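Scrolling down, you'll hit the structures one after another.
The same chain A turns up in both complexes below, where it pairs with chain B and then with chain C.
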Partner chain A sequence: MTTATKVGTITVTINGETIGVPKGTRIIQAAQLLGIEIPTFCYHPRMRPQAACRICTVEVVKPMNKMFMACATEIMDGMEVLTDSPRTLADRRTNLDLLLTQHPLDCPVCDKGGECKLQDYSVKYGSSENPFETKRKDYPEDIRSTVLDFNSNRCILCGACIQVCSDIQQLSAIGFSKRGFITVVGAPMGEPLDCEFCGQCMDVCPVGAITSRFSKYKFRPWQEEKTQTTCTYCGCGCQYNLRTMDGEVSRVTPIEGVGPGQGSLCVRGHFGFHFMEDAQRLTKPLVRRGDKLVEAGWDEALAEAAKGLAAAKAAKGGAGIAGIAGGRLANEDLYLFGRLMRNALESPNFDSTLRYGYINAATIMHKALGVTGMMNSFDDLRRADAVLLVGSDITQEAPICGLAVKDGITKRKMPVFTVDSMKTEIMKLGAGRLVITPGSEVAAIKGLVKAVVDEGLIDAGVAAKYPAAVAAIKKEMAGTYKEIETPTGATKADLVAMARAFANADKGIILAGPRVMGGLKGASALAMLIDLAFLTGNLKPGAGVNPLTGENNELGLVLAGAAPELLPGGLPWSDGAARARVEQAWNCALPEFPGNSLTDLFDGMREGRIGAAYIAGTDPVRSLPAELNVAASLDALDFLVVQDLFLTGTALRADVVFPAQSYAERDGTFTNMEGRVQRIRQAMKAPGKARPDWQIFSAVARELEVPLEYAGTDEIRAEAAGLIPQFAALDVTNAGHGVDVTAALEAYLAGAYLKTMDDRYDLPAVLNTASPHETRLYLADSLFHSGQMSTHNWGLMKIDPADELVMNPREARKLQIAEGDKVRVTSLLGSAVVPVKLSSHANPGTVLFPKHCAQSHVRDLMGVVVGSREEGSVPQFRFERVTVEKVH
Partner chain B sequence: MGLIRSIFMTELLMGMKLVFKQMFKPYCTLQYPHVRHDIPDGYRGLMSLLRYEDGSERCVGCSLCEAACPSNCIKVVSDEVPGQPLVRYAREYYLDITRCVFCGFCTEACPVDALAMTKVYEASVFDRRDLMFDKRKLYELGEQHLADGKAYLIAHNMDDGTLFPKEGLGDNRYSFPPVDLGEGERPVTVGLTREALEMELSKQ
Partner chain C sequence: MTTNTAKDEALDLTRACELAEEEAGTAGPVIRVLQKVQAHYGYIPPEFLPEMAEILEVPLAKIFGALTFYSQFYTEPRGKYVVRICVGTACHVQGSKDILDRLKGDIGVEAGGTTPDMMFTLEPVACIGSCGLAPLCLINTETAAHQTPALMVEKIAAIREKESASVAEE
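And then the complex of A and B:
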């Protein structure tokens, strides 16, 4: 049912106060609107009522006099409710007395003490004498899982944890076992819990039955300081409270109803809070003396950096300097880095980790639809009629966006269609799936477009309004299904069924993951998805096409223009008017032509065209495979400045290393994948002399005698907002009130659209056919990791050591490989030895390795193919053919 | 009049009368430090931390004393005992005696009778810093003045004879359930906005 049919105002009177509410509102919700507190244990604002705990009893006096559960009772027009009548209070007291007959009252040693609902309600509503016979439970506490401890003695059997895991997280990893007095909560069959460790069960538990091993006994809620901040791990941009005690992080707590996640967090955000305090953090600037990096003062290091950069500029011109930014820097840092490179150093060579794939999303989305980032918000996703997810293991890569999709599945039975080369968790829950050959995403998308065209599923309005464009697409679809079936392994019937179901939905949302944008024809693939949405009439508010980001601030990179073909605001470099605006704002002249992209920059370093580089917030040496010769390129430089949290592989090669501050030690903003600009706030002191990135850029500029001086990040953002209007408002999504893309779309269709059609629908050659190796190795994203930040977390490393090759169990059996065995993985480029983990996530014929594992050499086995300029010059290295054999 | 008084030294006589009266009363001054007062059991002297009879620390690091202290002079750093899962203790414990107002609230807050006030009142030192008591110092005081600590707790009715029997330090320890090793925000009712409510209803 949509809002329109449901809404209709009815009135309810609670404790004498009357309020009008929409039909379907429950008593508890009306009470909250009025600010009246009703105690609850099992109620959760985002879950179906289960009416298990009965603490929320209220007295209804009209239309009938009866006791009702406030959390589960829908309001009838004219209802009168009393929430603290003597009858209600007596019922509550009895309820609490009964709970306390077996509760251990461990409060002094219970981590919930001080924020426990049972404590609070006992004080407020309980009696001091318990009329019932009491018997303390003494069941062993289960501390076998890596993160969560279960103390069933304290459990009041409200079932909230089980419900959050089954309805919101949709894993059903925990449940009750045994019955009655000895009921225990935990993983089924008495096994140790091994789940995604999102920690939401702990968050919803009203008592101390589920607690965190990582914060065990380390805090009392009243001793902590809490700082609302934005998670720094992925593009979802969840909000949480970082809680600190005496300058150390004690834990992370979600904020119900706030931010993109509405109070849900994933394991990285919830338990990955140790990297800031890692002993390996850089604390002082380092400068090169001979072949050693030695500690230095800031003045010395800054002067040296400025000298090196100025020398390169004098020798080779501005274009002889390269700047590379990582998507973990804050918006303000990125804007200032761009200004330092383009204004102070006069270099056009400013690129970033956008080049790993998202650059295609940045250019195509802007060109075709005039938007930066997603067309829809997570709320749109929760309310869509159908979702098509291509090339993303969403629950691992963007877990909270995945939860928005899951929310639609649970609450509205929303059909989700998945096209991917590995078996993902969301596939199991979805309405339809295509498991395709790795690297054949483009063909599969073409197949879907073809099915829409061939089966006459084109939206009538679109066909009538844009006949030329529709005819051009139709023409491209003349080929046979064979062309699609061979590379993908999907059948015509599957494609047609999926296309039909998706096209029939009113509001269909397409989500495109990194395997779409990061492929060889990434830009075309995304353009095809836009065509698909266009043909099915889905380019309208509430529906649309959405690229998913990898790093947390990739959209910030786009908005700061951190790629040679982009300008601040995410506008194309070719936009003359926009260039003029930047020139005016910065009072400088920008070069006519865009600079080189990442792989060209590395070539340029080896060829001597580039003399110096400034790399901040990213580690290309460890994140790109050996075939790209990144290390040799950096070694060929005359001068290298690196700015990071840790002494990375890249930093080891630097002439000057600046220690940066982490997100918890400074202020600023990140932009999430929906386009929300959200604050990070200082919660603790930085180690040693580390400084925030923007201050370092500013200090380098000062040394270069191009002063870029600001009092703080707010001042930088205020200046940047002149060029980047998105920075002006905080906490609003792109799609806040529905984006209308009609104007941009029409301009797109009227432009070079028809001419580029041929190239777009040409299928790319199948990768690495020359290799004699048979098994396909794929670098996959991991839920538990996202690069050096997560691998410097002892907590996350304990949950997932991150260096295992994932194999299909059946296939492993054939090769007589057992879990934990060591195998040798060989490709044309060499071999590496790694331990094996068995999981059906890997299809037969495919093995997976975590993309973010920096320690192992598996990444160096990957062959690299760099996409064409039109396709974003993306270095594609996620697939390789290998042979896996057991090491004896 | 004045002259007559001076001549007859009446003032002197009145004074001597008082002197003679006092001569036959018992002394009330003591030869401190050679002789000392008997201190009553409820006396609130320097704070101490007590141990169980087997030598283990009573304090479970619950921080309730810290919360109860009106002058904010207690700091408890709690943790899990290394190598003993689920056993909670105070890894560090500080009490700034210079700020303590000797109210005894902390001892009353303590759920395990770990804190007791001794009869020590001689707190003067040559270095102020010595008055910042840490965990070691507090346990030392507890060991030296165990009997006083016990007496204090009994005098203040902090035991009912079962948890803390008079004949010795009882077994008022937190019973941790056995460990099975085998193989937000404050979640009070969330403020709901009308927008969020409509969003939630629209999804059903």
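And then the complex of A and C:
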């Protein structure tokens, strides 16, 4: 017997090896610590044990002699367990024999073959002589859903798929029906499965009962190559294996226990792997000849780009050039793009998709707390005492962050409070909800702060330690509840109840979504949420305020300083010392003044102030509404360089188009919303002559005779780490970096805090009051799509073509509109005809249209109001008033 | 059990929704609502299930799982008179199979079937739990102890007579 390793309070001996474990540990967990494998079908480390499949049976010899299920049995002190005794092996063999009386032996045509637990265990524990009579099932395979196929004949009824859907995804889209031998798993009512298609049921299936149609018969597991990489669709930054066969993507598989998602994936990550191989990918550089873009060699295109940019610089100075970056780009690309713009081209006009809202998170979080990104990690969310979620349909916008919240709900009944203008999925699971009038988020947040102040819910420690700051906030709360109830539609009682419940929690985490930062008072709204966390004593480790990102590398944009008011490291441009550090590192003088923000840049193009632009990884022509005149602005330029994966609406207007490589074709890193810098790795060859973005920036700089030469992304990141300390260590969250919130808060309270209070709590005017139209149209985020990349996936487009207007079913019935009917949506700016989808996601009086969808011109119905400089100059175009009529 | 045999009319789900609303927010409401709805309508109309899921905020898959698990729930309209013949061990020994076979012929349906006029449903059940009364039958909630094929046929005939008389009165 080996000596006991004491890591807990009780001891257990398994197969003669003794280990100390904490009370409550189950046999299977202790075995894992000892490196002893116990077979499982229904057990999953992130779910509560079901003890349904019985394959994990082990023999306990002390304190009693009995067979137990290793997954569900908690260890008693001094317990002795045998996992490979003759009795255990005999029981396991019988279990397998019984399963094989039903399970078909169609392994040669089963996708699971080679990684099937039933196959593996049969080899290891089974016998060749089955004493039982076989009785096979003969159900037709259910191939009616768009991606997941159900083969009930192969199903061993372990229930893992049902449990992952109910406990982790919290959707319960599938369940058992009937009883006994004829039990089947599937969608209820015999209908085809129509769910979020996260595919986790397939991932946990130990056999081949649930398979993906996108990958069917296209791989054999032992022939695939697998590459761990970071998902490119949203700011969660999930890790997965991108699997390829003969250079083509065969599928995406999760990695249990690794990364922000801990092994969970959403539909985009799991099934959106077709865009890399889309026939429309750009494969060669293009240059303009008259009104045509023609293919060219790299040398020719690079020389032409440099010439055009240099000409604009000569004519109008560095400030005559605009650079616009998108969050598709990797950290190293963005750092180099910034250096190209500010150092090589001497332009202050470097902006990005941060301007759609997250810029407010970048400036306010830094100013108030010295944090870039989230204060908390997804793990903190799983462990919080309460969560307040404002202005985010989290399960659609950041699905895996949503799963972290759901995990707290399932495992610890964590109360989740939501404030939003849409009825979201997470609301159904939450402890309290305020469904408010679209656009009234600021008022609702103020209402919560007011309730905390008026009801005496201020944390005693905070009140004693920071009386001046508390008094300054209190002074702003003099108004009546009426001024909050009117715009929001929420009552005082609702606000007080929610504020009270949140304030009473020890560790309360606030999550702020795009409808907080992206509003006309986005900076103030986030500042108010910081006030709320401050007053309730939640600016401490394990609690805090967290802005949620949209694009996958939005935080990378912040760290690269991809906005005129930011420097590398996400520091404010106004920070003279930081500016000096950048100048020293780059051995240059930075432009003297901060540049123009996105909408100013477009104005400048039309007014002739801006002569050339370099746009990489974003398509402003198709992501902004017509009222901003983006196309006309770009047409007014003397010279436009566009760098992207596809020939976008923006690229069509370019003089030079560079084909970029996707995340799957190159190395680099993305920064997720928690602040984790995570690697992407080359898994396949790029199409044609596409190059990684950083190499293109570097080559353009070379042509401009400002050499920015690097051997690879690691070298760029090593240089950048001098200015961006977050790049020094990979895969550490902000919380993991041990951000000192208290010190930052002290500094903030001592200085800027009280000075900026003046108009923070002034409520903004209600949007679009001049419009005679009464229905509120909101451009909403979709779970299935995020734009350019997602819509080039034939798979995701099959799951969700997403060009439908979402209407409330009851309201539609009143207007005699049925699902699939065409309606005309009219705003002051025009009208568009779109099909209708009915869903209670939309409240009465509100209709939703997917934000990413540019085909139906609904975006062009949106009026634009640009926020003030203090509020991030965000172009607000996601709300509009419209009339919806049926088209006959 | 109050039965509603109006098969042809478009089904009014108002009462079912009310019954669900009464239980919304209580712990484990699914079985109770299914039972109450079945008590009112005689069966559980499948078109009610999505509404029930919405009202109770319980996933449809869970409701459907419970519904199909228990043989006490029916998803098709049943006869005004549900005739249950116990075929449990004690009743079987006392000859319940003869009663069942005789009634199949007399009522004119197979086991589990319902007559086209929605009058009778014939249903063998595993055990009613009153083995001392074997062979035992149930007509709706009324028990009939120590039955023979002839006695049951008489009872069925009496019901037919009563029903045709009430039709004549109308």
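Here is the rule we go by: the second predicted complex is superposed on the first by the 877 of 888 C-alpha atoms of A that agree within 3 Å, B and C clash if a C-alpha of one lies under 4 Å from a C-alpha of the other, contacts with A are read in each partner's own complex, and residues count from 1 in each chain.
Heads up, the rule we're going with is that a residue touches a chain if its C-beta (ideal position, glycine included) is under 8 Å from a C-beta of that chain, and two chains touch if they have at least 3 such contacts.
From a predicted model like this one, the values you see are computed outputs, not experimental measurements.
Visitor: Which partner, once the models are overlaid, touches more of chain A's residues, chain C or chain B?
Guide: B
Visitor: Quick one: is A:Lys218 in contact with chain B, with chain C, with both, or with neither? Answer first, second, both or neither.
Guide: Touch status of A:Lys218: first partner only.
Visitor: Just to be sure I read the superposition right, which of the two partners does A:Arg179 touch: chain B = first, chain C = second, or both, or neither?
Guide: Once the two structures are laid over each other on A, A:Arg179 reaches chain C alone.
Visitor: May I ask you to decide whether A:Ser771 touches chain B, chain C, both, or neither, giving the answer as first, second, both or neither?
Guide: Neither partner.
Visitor: So in the superposed three-chain picture, is A:Gln228 touching just chain B, just chain C, both, or none of them (first/second/both/neither)?
Guide: Neither chain B nor chain C is touched by A:Gln228.
Visitor: So, does A:Glu37 touch the first partner chain B, the second partner chain C, both, or neither?
Guide: After superposing on A, A:Glu37 lies in contact with chain B but is clear of chain C.
Visitor: So, does A:Ala187 touch the first partner chain B, the second partner chain C, both, or neither?
Guide: second
Visitor: Touching A:Lys428, do we find chain B (first), chain C (second), both, or neither?
Guide: In the superposition, A:Lys428 touches chain C alone.
Visitor: Between chain B and chain C, which residues of chain A are contacted by each of them?
Guide: Residues common to the chain A contacts of chain C and of chain B do not exist here, since the sets are disjoint.
Visitor: What residues on chain C touch chain A, complex-wise?
Guide: 46, 49-50, 54, 57, 59-65, 68-69
Visitor: Can you list the chain B residues touching chain A in their complex?
Guide: Chain B residues touching chain A: 60-64, 66-67, 78-80, 85-86, 88, 111-112, 174-194, 196-204.
Visitor: Going by the contact rule at the top, pick out the chain A residues touching chain B in the complex.
Guide: Against chain B, the touching part of chain A is residues 1-3, 6-7, 21-22, 24-25, 28-29, 31-33, 35, 37-40, 45-46, 104, 106-109, 113, 115, 117, 120, 138-144, 149, 151, 153, 192, 203-204, 206, 216-223, 241, 253-257, 263, 379, 382-383, 407-408, 411-412.
Visitor: For chain A, which residues are in contact with chain C within the complex?
Guide: 162, 165-166, 171-179, 187-189, 428, 840
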